[in-house]
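Dropping the structures in below, format is structure tokens.
Below are two complexes that have chain A in common, paired first with chain B and then with chain C.
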Partner chain A sequence: MTARPETWRLPAMWVLLVGVLLIASAEVGGAAMARFKLELARGVRAAMLARPDAHGLVGVRDVDEQIIDEAIVKFDAGLRLFHLHGEGMGVVILVATMVAATLVHSAALRRVIIGFVTVGGAGYPAGYLVWSALIPYYGIERGKTVAEWLIWIPFGGAAIIAMWLLTAVVAARMVGR
Partner chain B sequence: MSGMWSLASTLLVLGLAAPALGHHVGSYTPRDNEVSANFKQLKFSIQAGRFDVARRLYDTGALRRELQAQSARLPAGLDEDIRAALQRGDGREAERGFMVFFVALVRDLALEADRQVSDPATAVQARAAAGRKFLDAIWRYYNLIDFALSQRDPKASADMRLAFDEAEGYLKPGPAPALDRVRQPLQQMARILTDVIQASSSSARRES
Partner chain C sequence: MLGSVTRPPLIIVFLAVVIIALGMTAGAVMSQLRPETERYAQARIRANAAAHGLVGSSEYDDEVIARTVFAAEAGLSFLHTHAMGLGPIVLLTATIAANTVPGRRRRRLLYGLLAVGALFPCGYLVYALAVLEAGRDAGVSLTESRVLTPLGSAMILGLLVLAVLLAGGRRPPPTP
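On to the complex of A and B.
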């Protein structure tokens, strides 16, 4: 076993700023979601009714109401998931980058891990915001596909890779390499 | 050798990142609309023998508003029949009235579905998607009164279910939905339900 460092090291200030800014944005997002719930729902409904083809609206209330209701529920879910993931990933960025700054000796590897976990962790929750924003205009599934390929997969993938690299470094330190 | 390492590293990285595909986006459970919610309140009030509550729920509820709005397409005097049944505490007759109302809604949905799936101006996949949405709406309403219908006319209930299953089968998501074939079960649903309305209305007239 190698000796543990006596103190935690901090990553660059911009990394910490990203972490706390993400948490702050998630808090604001959660509060705004609750405060403007009705206005947001009305906005989604109006945008959907203006684009019936994008949502497969058929012009019969008993059919269309269910489609609109599902979209509003998913829109709201996207905002909630941004709120939850923003708070969670903000903490992940702060903690994981401190672990990397403290335990990863290789400067290049440290930069990669800190860069990936910060950019990936900050970008991933924004995918839920993008998804919510796209729902009224492109529908649930098309919006999801765009958010997936534009944000969730690249940013989420970067964060996951960074966490596995960090796991490997910590495991290697434990066995004394 | 280094090529092998690069390939292995790339596959490892892709494998590690693969969970990013598995993000969750929540689930959706269809909710009652105000008409079906009002119907359930009415049904439970009647089952509990609380006709005073049922009358109030009917007089002030969304079901009656909708019934009055659709009165031109419903048997004459349906609203008065339901109110009179609730007034005299006749749960079975009130249930018949509600059944006729929902059967008429479902029939209209089936007719509109038939019209839209056969509209050549719309793309095939869009027509199939619309057809599936109509079937969802049909089932949401029909499911509310299937038991009541099966008690009064078991054959109509069974035929309706068979026609629904057949239509659902033709509209399953896939490269080639059978739009030409789905019209038959949709039209059959409309016929079955028209017969139910006529039979139910004439039996009500006989009993009054």
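On to the complex of A and C.
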């Protein structure tokens, strides 16, 4: 399809679907956080009490309650960060892939940029869900390390690389290359 | 192709994309390079001891340093959040302008305001550096008056002008 260079082109339908689904998931995450706050906190507490060694619980109420409270706060923070990043990255996926579809002429480079932005951008917020899910079972720090290496660094890294590649392409178009 | 939706000039697209890229990178720096960022901030505060009012008493100085490091990290955090939000807003509002605002001069005025406003998140990078170099209160005050207020005002003005022109209700066919 030949488009006039002054008009926007849309990326492939699957890309749009990922962006929209990510925003929808983030909305649902935000709603669920508010609606099931108590149930979620009880679930975290129960899972932690079932695994005292993983959390360093010692059986002394004063000490254990502090550890459990901190874990619940971080669990909640993970859900909140999923909500925020999901909404933000969903929009970034839609906008950045539209720019790439319109301005990146090389088909291979366009595929790389769109693929990296979409997969990286959608995967990154999920890392916060994974972190939250891991906290009751493995603790705050171990959960964070797993989420960091499995999700945040690879997916976030892919999205960042793609955005700078896109920036370079747009800059090159501006200077007429 | 998206119907026949005209895109804004390349400079606006570039600014929007680079701001988003900067925002993402700031987020990564905040999380992955936090110890290094803290060490750098502490070193700069100690190098500008007079500006920060350090007195040589570790009890007092540690408190001042901790508060200033916190302010610098807040600057990075604001860069991250504002850039991720403002980048898409600039692109979308400039696209609306490209497709609805009649008259090349009016569009140019709008693009100019949006382009300057797009730099608003960078003000928080200046904020983070200024609090380290000029002292917390002086840095915040300087950045707010000289950088954030003018850039933010340009963005607000651009949006208001666009709103007024949209409210005018004239919708000519998009022109290249």
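FYI, the second predicted complex is superposed on the first by the 173 of 177 C-alpha atoms of A that agree within 3 Å, B and C clash if a C-alpha of one lies under 4 Å from a C-alpha of the other, contacts with A are read in each partner's own complex, and residues count from 1 in each chain.
Going forward, a contact is a pair of C-beta atoms (placed from the backbone, for glycine too) under 8 Å apart; a residue touches a chain by one contact, two chains touch by 3 or more.
From a predicted model like this one, the values you see are computed outputs, not experimental measurements.
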Query raised in the report: Regarding the shared-chain residue A:107, is it in contact with chain B (first), chain C (second), both, or neither?
Result: neither
Report task. With the two complexes superposed on chain A, say which partner A:77 touches: chain B (first), chain C (second), both, or neither. Result -> first
**Report entry** chain B versus chain C as contact partner of A:131, first or second or both or neither
**Finding:** first
Requested in this report: Could you say whether A:67 touches chain B, chain C, both of them, or neither, answering first, second, both or neither?
Outcome: first
Report task. With the two complexes superposed on chain A, say which partner A:99 touches: chain B (first), chain C (second), both, or neither. Result -> second
Query raised in the report: Thinking of the overlay built on chain A, is A:38 touched by chain B (first), by chain C (second), by both, or by neither?
Result: neither
Report task. Scan A:153 for contacts with chain B and chain C and give back first, second, both or neither. Result -> both
**Report entry** First, second, both or neither for A:164, with chain B first and chain C second
**Finding:** both
**Report entry** Common interface positions of chain A, toward chain B and toward chain C
**Finding:** 152-153, 156-157, 159-160, 164
Query raised in the report: Where on chain B is chain A touching in the complex?
Result: 13, 16-17, 19-21, 23-26, 28, 30-31, 33, 105, 109, 112, 116, 126, 129-130, 133-134, 136-137, 140-141
**Report entry** Of all residues in chain C, those that touch chain A in their complex
**Finding:** 1-2, 4-7, 10-11, 13-14, 16-18, 20-21, 24-25, 27-28, 31-32, 84-85, 87-88, 91-92, 95, 176
Report summary line: Residue set of chain A touching chain B in the complex reads 53, 56, 58, 60, 62-63, 65-67, 69-70, 73-74, 77-78, 80-81, 127, 131, 144, 148, 152-161, 164
Report summary line: In the complex, chain A touches chain C at residues 1, 3-4, 6-10, 88, 91-92, 94-96, 98-99, 102-103, 152-153, 156-157, 159-160, 163-164, 166-167, 170-171, 173-174
